[in-house]
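Heads up, the next two complexes both have subunit A, just with different partners, subunit B and then subunit C.
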Partner chain A sequence: MSGALLTALLRVRAAQEGRAQRAARFRHLHIADEPLVVAAYNLAGDPASPLGIVYGTDRERPCFRVAPEPRNRDIRFRLLNTFFSDFVAYVDALPEGDPPQVIAGNQATLDYLFRIGDSVRFLPVGEGVEPETVLGGRHLVRLVERRQRPGAATAVALTRDLAAHWITGQSALEDAALGPLLAWIDPPEGQTGRGAAESAEHTGLPVGPLPKPEWDEKLARLITKFNEARDGATDPKLVSRLGTPVKRMVRDALMESWDDVWRGLDLLVDLPEAPHAQERWAEDSEDWAAWRKYIHVPEARLARKTSARAAVWQLGDREQAQRRVEAQKIVDDPLKFVAAVADGLALSGLVVSADPDRKIVPPGRKNKVSRPLFTLSLERPSPLPLHTEVFWLDRLACQGRIVEMTMSPPRVTIEIAKGTRRTRGEDPTFPRLGREARFTTLDPGQDWRIKLPDADEVWTHSHMVPETQAVADQDSDFVPQLPDGDDA
Partner chain B sequence: MSTDEFEARLEAFRGDLPAVRPNARTVAAALDTPDCRRRRILEAASVDKSELARHLGHPIPAAQSPFALRRGNLFESAVKENGDAHLIAELRKQIDLPIPATRHKDLSSSRARTKGLKEMKLRAKETQAALSLLLSEDPYAPNVLDHAVTSLEVGGSTVYLEQDALAHYTGNKLYVVEIKSFPVINNQVDPVKLRPATRQAAVYILSLQQTLARMGHSPEKVATDAVLICPRNYDLTPTSATLDTRQELRGLRRQLDRAASVSELEALLPQGLTLSAADTEHCAEAVEQLPNAYRPACLDSGCELAYYCRSRARDAGETVALGTPVRQAFGPVDMIDDVLAMADSGIAPSRYEQDLAADLIHMQKLYRAAGGGAA
Partner chain C sequence: MPNEEAVHASERVTLELTSRLLKLGAHEALIVDSPPGAGKTTLVTRSTRTLVDSGVETVPVVVQTNEQANDLVKRISADFDLRVGRLVGSSYTVPPYLSRLPRVQIEKNPGDFHRPQVVVATASKWAFCQGRQSYPVAVIDEAYQMRSDLLYRVAPLFGSFLAVGDPGQLDPFTTLDEKPWQGQPYDPLQTAGAVLAENADGDPLRLPVSWRLPQAAARLVQEAFYDQAFMAGTLPTERRLHLDTVDIAGWADKTLTHAAETGWGFCQLPARHTPPGDPEVAASLAMLVRRFVERHPWTSNEASAGDRRLTADRIAVGTVQRAQEAAVRSALDQLAHEHEHLACLREVVVATANKLQGREFDVVFVWHPLSGRQDATEFHLEAGRLCVLLSRHRHACVVVSRAGIRELLDAHPNSNPVYLNVPAKFPDGWEAHQQVLEHLGGHRVDALP
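Showing the complex of A and B:
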């Protein structure tokens, strides 16, 4: 886990100060111009029986849909059809190239939205099931599923993303509830995080998808009354009239969730966006475009389960994405870099000796190759052992390994083996004498595309960096048939 | 001290607080908190911990919604309707029970009109009689036993458990059947629900093993796989799987071995300690005399004292209230104030933490320089 020691210290600090501590300076998540915010309550025990859903792209204009008896198919599908037709309309109205983004308060709500989508996406159209419902279910499942790929932003569980940006004075387990989490990050005037979180636990309802059992007891009585009154009828007007007490109760509760989700979203939006978040969003956008093309082909086939081959591919893809996101975060954000240092995944030090022009003849080779050498003076002994492979943070293509280290004074010497050649007519840059240099062991992966902030503007994100710096070098010791470009 | 005497002592300790009888769920849930002696004593004394938590001013919200309960009952009756039709079909899939050879018996209604513990004891006897017949290889013996009652020794007392549908005899093995109403969606079960279900199955299996042993049969006759029946996808159509419970059984046995020793429990319970519903302060003092081991995992363990213990741990400033990883990050330094003193001064409480203290002060410096601080 990244940042474990720093996180532990920040939790302790937060508990004592009564206030969450920042774990990030930047938002490592793109928020779309028009995300769709959703909160929902489900009937406890049932897998997908929505009592009520509130959704919309405008905080002031929430759409409420309530099913006073979601176990009744007609009543349930009236809610689902409306929700999904609005959902498809939202998706279709987005500008070309913009993928939809679904924002939920917590992971349980996202899982629930997945189930709702899954419960309709294979249904035959007709008998009360509208075509938009099936299509909307497919879209929704796709968006929530994609979220399993690290860095994807098509579906957001605020608890997870808030907890990645702020560390509270409670446990990770307790952070899974949005109300208490918000209380730590943004406690009401005059209250400590702990006090506010405890009262959110006691008085507030969870943001969904399950309300509190005590609340359910009252609701159960209203539903029973409603069912007695309608006596089997499902006529929309009658349901709407008789269902008013249920509707009111569900609406009041969902309104609280709605406000909480928007509050959480505002907190995230207020953080400046990290440069690579935009780039990851561009990938979401590509993926969405491909999906749209596919799903609108009439004979599009969907599998209930991922095939074994696809699963293997997916796993590899996700691991790679994970590595890349981790590396991108520490490039983008100084606080994430500190977390990596604390966990022994990175180090920074003053360059006390630099030999960028060093050339050697490696054992078993005839020609001289470029092997720049740098010694860093550290404040603490290096947590990275000898021979560790490291990447220079200012130019990740510049890669080497620790070839020497001393404990006192704490120093490491790093020999650069890759990224030593001229690229596109430009000389390679290296750590400079008398400057701070930062290295990480986090391997951004073969196919990485990491754009770096301008050297003079490290940690700011006022503009994107030219593409050239993001191109990986091809030189390597393991391709002996290629002549070494830097040979003397 | 004899078991009876000890039971009397536990009774006296409970004072005027209401009692609850443990069930498979509570026995299984206690596995999540194996180090907590407070919970063990309170449970051995059958203290109604949710009442106790209320008295202590830290009530825990109700655990189950009426909707969930209703659906659970609905599913169980769906599985068992038409003479166990679905149950038998699933058993056939899982353990090759040939349908014509099925004879089921419902052990839910005891002939005597008794309630409570007495009823359970009687039903346990009837279950034993049915099991005897079954194990004697009588070709006409019922081999699917609904609502059988078996017993388990926990902390020196006997707990009676009602099995969803007990067991079934085939190829010399008895199987425990557990009926759960959480869904299997696209052939997958939510692991959060599966874990407690597996533990409960282990509790049932162990109690069946003990019951057989008491009857002079080999406990080996009980399969360590349980048959789990759940609704498939989004309606109430049953589907099934077998659950391997061996790991949970081992954990359970270990735990019960420890809980079983009366003398050990006795040593943990201070002489003359009593709880009282009338006096909150007195009650809290008494509870505080029982050593606990609060961790945030308690919140998920079904222990009703979780909010109370958490509040105490937070008041005291224990790092463990922030999670086990936090507790472990600072070695033996386990109080919030001490961790911060160390991080701010770089001075370690002992030479063993010198490196840690230096790391912390360094990390803190980097953190502040990078723009860290309160939200």
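Showing the complex of A and C:
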């Protein structure tokens, strides 16, 4: 939401100069030490028929898995079993406290991985379905779903995360294609971003999961030949031998995606990480630890449907995360701060008078309370109106209100009403006389949460109980993101 | 001479409400749909009185903002001889006038009251009172601005609800992607009104009269935004707005003269794509407000005998985004600063549609939601937003916009996905915009800023 005006300016400038413009000085997303890079293609017209997947944590050692006929269950599950078994091995090999991170080229690939995971996570084991496949599907869905929580970094869609840090001279819709986006940000020597993007649009395949029709047509001929040759047989050795032409074609396409995704990841990694990104990753880590603890119990069960209570909790949790991440970005990043100022959501000024020890008796109260008062000298009249609630960027818990303002000289006076007490044995800090102080209207929210009533007390929502209870035993039912004590 | 048809229709509904309210059973909800300015607050205060008289010890009232809570406390304490409790958050600064009201007690903890007959607090505050005390019946004000997740938090406190709200105003929202919940039975982003409808005893009661909107506005607002019928409570001759005839013949004066006569003004600037805080629209709005104040407006209406000076605090400027609010505010403050006779412009209320909900003014100036835009997003097309902006006034409404809205609408037909089990939204924002634009076309003046 914030930063609309600066984004518009940068987009115009990028179009004019033919080169993407930085919209952030820092990377507001933690990149794990060992993320898993994934690219995939699906068979046209069939929602969960993976043709081929390439994945790995090392750019020099990609693992290719191709199913020359994914519509055949045996052949498809051979691919899925191998992929998920490797995926579980990757997850298990990570050091304690390090959650997995999935890097995909675009949001469509993440959505696709979710779908693949979703298609296996409730399957009974046996008849060609390995236990790792079910577990891997559950892990994968968990990681991709977590990304809906603002600030989470368990799954990365490069187009989305690159476009959050660079503004190109094309539309947001065009930014959803990885090839052209990379060209805008990092064009080859001697070319403009625009020129390189235009040629990238016409060469090669999209990064996945859907290829191009021309490519599909060629592939269809190879698959037909393969099917005629195998004549219904699914023996692994035979499939492997006869499927070589299909494999080669899919592999070549995947190789290009593999290179593009790594290039995009490099661009992100090269940005210095914003301080708060690490803090948010620690939350991902905590959440992952809780999930692992739950899912590795042998009788672990998953709810197929969310309840009203879980949905209420999830919405509150995500909104809180959203508020905090927006405020943290402004704290961390001077460019984001400028964007907020341009949108009238922040101001900065020189502290020309400071009374941190001020105490008053507020109307309707009997006792004196601490209400520190600071006057800021601004460069131009305040864009924030009188009585606006503001938060001090150096310590977001320090919250106050604009109680007075003048046009000439442009000044605002801010009275601090919250965050004036000692916390954890430390004295509160305040803006200092003669220093620059920055305030924002973006509310970082609270880090505690209100306790939710139990579902059986809430008569207004009783009609929302799911028709079929997937799990009879509620106590062993893991409801995503609902820890035992949610008022911690 | 009042509009007798309106008075009768209104009395009939009041009688029905009382009888249904007294028959309300446990875990049931009675819903009252109210068009803009239909006396919702009066209804809330009267129902509270009815419940108290029927022997309910304490009637809790759930509102959505602290401002609404304070207004309601003021009204109840003025109209009835009831002991009113105002429950506030621990860090809330109580406005001084509130603590001076008779029979009003302000506390942070519901246990600290001395036998109040009514307790008013925001839904978020009630959510903190879980597990303490419960009440057989509660009144929810603005039930269509309250989200299902908040209702979930407060429901266990109360045995049944009288829920009152205006279904045509802005829906509650989230800045998150709503997709994970859309179309699900447990969607926490539904309105409390929609959830309570599932628990309702019979059809919603519908208030039949808008006492606020003048005849010139009631019809347009009803047709464009509501599927329930309602009429204006006044006759066309009862509401009059007069301006000094010192008309310096500029576009602003022309617009204002027209608006004073017809109740509508539409000021159109040359077409241009602009950022949200378009400085020319801000300047034009400031110019209109300035000329309006300079022409000594006065009004006559059904409520008070004789003519009345229209003061600056009865004027509002409604915007869509906060950047626009800031731009208009600073333009008005600048004028107030430079000219002594315009110091009153500081009193003019400038706010976004979200903050204007539930408020009333004599004259409202509106920043058209689609002005200067390159695209028409769901946010800008939302019918509730336009409805709030066009239904706050008692006398006249003046809209300012860049030209090109029709072309913009034509280029952006409604393409929202349809979800299973989610009733189609009424009204459709795109259609409502077309209808309003058609109407405004008849009041157009071209501005040359």
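Assume the second predicted complex is superposed on the first by the 436 of 488 C-alpha atoms of A that agree within 3 Å, B and C clash if a C-alpha of one lies under 4 Å from a C-alpha of the other, contacts with A are read in each partner's own complex, and residues count from 1 in each chain.
The working rule: a contact is a pair of C-beta atoms (placed from the backbone, for glycine too) under 8 Å apart; a residue touches a chain by one contact, two chains touch by 3 or more.
The structure presented is a predicted model; accordingly, all values stated were derived computationally and were not measured.
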Which of subunit B and subunit C A:138 touches, first, second, both or neither: neither
Contacts of A:185 with subunit B and subunit C, given as first, second, both or neither: first
Subunit B versus subunit C as contact partner of A:121, first or second or both or neither: neither
Touching partner for A:315 - first (subunit B), second (subunit C), both, neither: second
Which superposed partner A:19 touches (first subunit B, second subunit C, both, neither): first
Superposition-derived comparison: subunit B or subunit C, residues of subunit A touched: B
Partner chain(s) touched by A:4 [first = subunit B, second = subunit C, both, neither]: both
Those residues of subunit A which subunit B touches in one complex and subunit C touches in the other: 1, 4-5, 8
Touch list for subunit A against partner subunit B, complex: 1, 4-17, 19-22, 25, 43-48, 115, 118-119, 166, 169-174, 184-186, 194, 198, 210-214, 216-217, 220, 304-305, 334-335, 337-338, 341-342, 348, 379-380
Subunit C-touching residues of subunit A, taken from the complex the two chains share: 1, 4-5, 8, 148, 150, 306-312, 314-316, 318-319, 322, 343-345, 362-364, 381, 383-385, 407-408, 417-418, 450-453, 457-461, 463-464, 466
Subunit A partner contacts - residues on subunit C that touch it in the complex: 27, 29, 91, 93-96, 98-99, 106, 127-128, 130, 148-149, 151-153, 155-156, 161, 174-177, 180-181, 184-189, 195-196, 198-199, 275-277, 322-323, 325-326, 329-330, 333-334, 337, 350
Contact footprint of subunit A on subunit B as seen in their complex: 61-72, 181-183, 185-187, 231, 233-234, 296-297, 299-300, 311, 314, 317, 319, 321-323, 325-326, 329-330, 336-337, 339-340, 343, 358-360, 362-364, 366-367, 370-375
